[in-house]
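These notes open a run of structures that come right after.
Shared chain: chain A. Partners: chain B in the first complex, chain C in the second.
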Partner chain A sequence: MTTIAIEHLARVEGHGGITVELEGDAVTNVRFDVFEGARLLEPLVRGKRYDEVAPILSRICAICSVAHSLTSLKATESAFGVRVSPQTELLRELLYRGESIESHALHLFLLAVPDYLNYPSATALAADKPAAVLLGLRLKKLGNQIQEAIGGRAVHPVNAVPGGFGRVPTLDQLIALRGSLMQGRTDADAVIDLVASLPAADFCHSDTVYAALRSPNLDRYYGGDEVMVVSNRSRAIVRAADYRELTNEKAVPHSHAKHSTFGGNPFMVGALARLTVNPRRLTGRLAVAMKRLKLLLPADNPMDNNKAQALELIDDLDRALESIEQLLRAGLKDERPMPVHPRAGTGTAITEAPRGLLIHSYTYDDEGRVTAADVVTPTALNAASLELHLRRAVEQCAERDESVISKRLQMIARAYDPCISCSVHLVRQR
Partner chain B sequence: MSKPTVGIFGLTGCAGDQLVILNCEDRLLDIVALIDIRDFLMASSENDEGCPLDIALVEGAVLSRRDADKLRAIRQRSKILVALGTCAVWGGVAAMDRGKDRARLLEEVYGEIGLTYDSSPAQALHEVVKVDLGIAGCPIEKEHFIAAVAALLNGDTPLYPEYPVCTECRMRENNCLLIERGELCCGPITAGGCEARCPELRVPCVGCRGPAGDTNVPSFVAMLEQKGFDRQQLAARLRTFAPEGVAQ
Partner chain C sequence: MKPLLVIGLGNPLMGDEGIGWHVAERLAGDARLPEHVEVICGGTDLLRYAGEMEGRRRVVLIDAIEDGSATGRVRVFDRDFRGLEDHQEHAHHLSVIQAVRLLRLIAPTSFSLLGISISSARCEPALSPSMAARMPAILRQVLENLL
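Here is the complex of A and B:
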């Protein structure tokens, strides 16, 4: 038996590894291992009052801290029957765009692109090709500017609270953001040029099931509560309250990870899934860019998630601008958060974090204290699909040179943009 | 003069402090030019895992034997060890209620298999090894990181505010959330340095920077009790980011 072990997966968030075992040419075992310590945040929030929950659970992950905060608030508000204002909805979508821009720019340019060009890091890449890295840093900064203006901080936002925002951003802040975004849009072509110029990553093909929040025009990350699961053969809708249909975890013999499956199939969440589930938005500039990237949907290559992130990145810039225009047109109001009256009950929220579907579900007592909390993260949902694709990549690799296989495995894992701090909730540890 | 060798590491946490380093977009390439980063797994796939380091920056808390071993190995190879962020300095959110029965919680979240995990109650770095400098914050402030790099490069140690958030909040002339609105704001006992970010947004301080130096906690608690807050809930809230008994 041969074992290929990647002990420390680099250029990802958190601590994980990959192990593949081969018997001759047959792959006998594939594992995506997680080495993060268990922080047990879900049982630790039990007994906490509703306004303490989002600040604690945002700490599950820094890169997705907006998504964790806002999904948490959405679940709490749903449990208490609080309806936030249209302005709050718009500001929250805008905050999500900011996080998505930051996260995609970081992942694409600083973590994923170095692989394609055979560099160990973005700093090494910057020594030879500074333009690519500077482009990424510019867009990343723009995403952070949005998060700072709307969320009050780039990592672990503080301004989003139950019922709305502590302080609504000022007109001046929004106008400044609009200026930065208009400047940022001029980088859109450069993003597509760069990603289109990368060598093809064509070493893993597999029928893939995709799951994403259904959003008629791909215009929502935060709003909505219906998940669509799309495969070559079928489509299904899962509503937020029934989220356990997506997370019917089960132990499988070939892996240490508990797997999420739908109808017995692993599924992929994230940028590629969002485009696949919501193709209507892919018109005009995005359709042209998609052609340039040679992306066909539904894709059978998980590496295409990088292309999907590039498309989302340029779309996010437009969407963020649109949100600001809408806010300005409607006339920005210095609203206070909606009053929150705790009551006993359960609230479940599903949103699209940069890496895919994120679910928070809480049960509260009549004083507004948590009695049960459940968090399901995109990286945990993706674990089964990632292992499937790692397996296919080894099976489809004609060479048995360990360094070739190892590099491909790492590239696929990175294309999933895993966030391992997030994943510990569902993925078992070694 | 040769550049100082630097390693950037994460134990168990959210990677937020490493992210703040990457968020120094405008100055990142300048900083990288001044130091010799040898080991930074989150950003590079080519790392020297054994070389001596002039400076080690470590974020996250110690939550397993694996974390503790890793931290001791980092300590051994480093001249200066910097604890980065509230988890590293104080234990952070995973350390709240660290007296609770851990086995039971593990079993609850992961099932029976949880009992076999390498898992221990969260500890701040200084509870395991000697720490030369702590930069608190959840996450750290970008400017504090840059100040630390500048100071350390010049053989100096940076100083961070020990006064409470209230000092900065008053400088910004905010209305007091605690006294005027009766909200549970942890500003009076939490270390400043954040420019009172949350109260500035009318959001009460949750204490994410850890305890301020030289505060009168009993008087703070007495005042909150007078305002009708329940003592037990109060105690739990004050320990969200720094557990009892983790004194520096």
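Here is the complex of A and C:
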């Protein structure tokens, strides 16, 4: 038996690893391991007051802090029956959009592009091709600027609170953001040019099941509470309150992250899933860009998630600008958060974090203290699908050269844009 | 020119891994902090603070390092960060060393790193007792480096 082990998967937080076992040419086992210590984040919020929960859970991840914070607030507001104002909805969507711009720019230009061009890191790429790296840094900074203006600081937002915003951004801040976004939109063509120029990554094909929020307004990361699961043969809807049908998490012995399947099938979440579930987003400039990237939906190649992120990145710039225009047209109001009256009950929220569906579910007592909490991250949802695609990549690789297989496996794992640290949550196995 | 900027890096939910964050939090409320110094409690992604670094002559980073030394030992790394691993191990963000190298492309800021040795990183909202006991000495050494 031959074993290929990538123990420290480069650029994967928390030291995720891949193990492939071969008997001759036959693949006998493929494992995407998460061997980081089990995390105890969910118990950390048990007994906490409702207004302490989002600030704690936003710290699960520095890159996804807005996603965790806003999903947490949405779940808490759902438990207490709080309806936020249209202005709050718009500001939260804008804040989410800022995180998506920041995250996609970082992942695409500083982590994925070096792989395609055979550079070991972004710094090595910068030495030869500084324009690609500077483009990523510029867009990342723009995403950060949005999060700082709306969320109150660059990481772990403090302005978003139960019921609304503790401090509404000023008119001057919105006007400054509008100027920065108009400037940022001029980079959209460069984004597509660069991604279209990358060598084809054509080494894994497999029918894939996709799951994403069905967005009634076609373009929402924060709104909506229905997930659509799409395969070649069927479509299904899962409402937020029934999220366990979707997650159906199963502990596996080689990983602290639980694996999720739907109808017995692994499914993929993230940018590619969002475009597959909501194809009506792909009009105008996006449709032209999609053609340039040679992206066909539904895709059977997980590497296409990088192309989908490029499309979302340029769409995010437009949508963020639209949100600001809407806020300015409606007249920005210095409104206070909606009153929150704690009551016993459960609230569940699903949003689209940059790397896919994120679920927070809390049960509160009548004093507004958490009695149970569940956080299911996109990387945990993706784990089973990633293992399936890793297996297919090995099976479809004509060469048995370890370095060739390793490079392909690492590129597929990175295309999923995983966050190993936050994919882990406590599992006890008997 | 803006004041010297100190950024404490780390995840405060991950025990001693968050030592940089904890030190920055303590530093920000410390009466001994010189007037010419600003402090940020950062997360794990240094590039997030690129905007804050603009116009600074010097930025001091405080972060956990794993070097086999006793818990809480403070080591100073200037300019080229010689002897520190350049390997990239993150999905979401660049390592501090790689991030500094990229930031040098866009700004002439001088960086130094105060590395604090840790021996464990696990999900825990507080520092280990041995690290917590070292906090007064760590703060003293950090402040000496800011004068």
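The rule is short, and it goes like this: the second predicted complex is superposed on the first by the 414 of 430 C-alpha atoms of A that agree within 3 Å, B and C clash if a C-alpha of one lies under 4 Å from a C-alpha of the other, contacts with A are read in each partner's own complex, and residues count from 1 in each chain.
To be clear about the criterion, a contact is a pair of C-beta atoms (placed from the backbone, for glycine too) under 8 Å apart; a residue touches a chain by one contact, two chains touch by 3 or more.
Just so we're clear, the structure is a prediction, and the values are computed from it rather than from any experiment.
Novice: Quick check on the chain A-based superposition: chain B and chain C, clash or fit?
Specialist: clash
Novice: Report for A:Gly166: first if it touches chain B alone, second if chain C alone, otherwise both or neither.
Specialist: first
Novice: Just chain B (first), just chain C (second), both, or neither: which does A:His156 touch?
Specialist: both
Novice: Can A:His107 be said to touch chain B (first), chain C (second), both, or neither?
Specialist: So A:His107 only meets chain C here.
Novice: Looking at the overlay, does A:Ala126 come into contact with chain B only (first), chain C only (second), both, or neither?
Specialist: both
Novice: Check the residue A:Gly47 against both partner chains and state whether it touches chain B (first), chain C (second), both, or neither.
Specialist: The answer is first: A:Gly47 touches chain B but not chain C.
Novice: Quick one: classify A:Pro418 as touching chain B (first), chain C (second), both or neither.
Specialist: The second partner, chain C, only.
Novice: In the overlaid three-chain picture, which partner chain does A:Gln410 touch, first (chain B) or second (chain C), both, or neither?
Specialist: It touches chain B, and chain C stays clear.
Novice: Tell me the contact category for A:Lys140 with respect to chain B and chain C: first, second, both or neither.
Specialist: Once the two structures are laid over each other on A, A:Lys140 reaches both partners.
Novice: Could you say whether A:Ile60 touches chain B, chain C, both of them, or neither, answering first, second, both or neither?
Specialist: both
Novice: So which positions on chain A get touched by both chain B and chain C?
Specialist: Touching chain B in the first complex and chain C in the second, residues 8, 10-13, 15, 37-41, 44, 56, 59-63, 65, 106, 110-111, 120-123, 126, 130, 133, 137, 140-141, 144, 154-156 of chain A appear in both lists.
Novice: Considering only the defined contacts, which chain B positions touch chain A in the complex?
Specialist: Against chain A, the touching part of chain B is residues 10-17, 19-20, 22-23, 25-26, 28-29, 32, 37, 40-47, 61-64, 66-67, 92-94, 96-97, 100, 102, 105-106, 108-110, 113-114, 117-119, 122, 138-139, 197-198, 200-203, 206, 208, 233, 236-237, 240.
Novice: So in the complex, which bits of chain A are touching chain C?
Specialist: 8-13, 15-16, 37-41, 44, 56, 59-65, 102-103, 106-107, 110-111, 120-123, 126, 130, 133-134, 137, 140-141, 144-145, 148, 154-156, 414, 417-420
Novice: Once bound in the complex, which stretches of chain A touch chain B?
Specialist: 8, 10-15, 35-44, 47-49, 52, 55-56, 59-63, 65, 106, 110-111, 114, 120-124, 126, 130, 133, 137-138, 140-141, 144, 152-156, 158-159, 161, 165-167, 410, 421, 425, 428-429
Novice: Show which residues of chain C lie in contact with chain A when the two form their complex.
Specialist: Checking each residue of chain C against chain A gives 11-13, 42-45, 47-52, 86-94, 98, 101-102, 105-106, 122-125.
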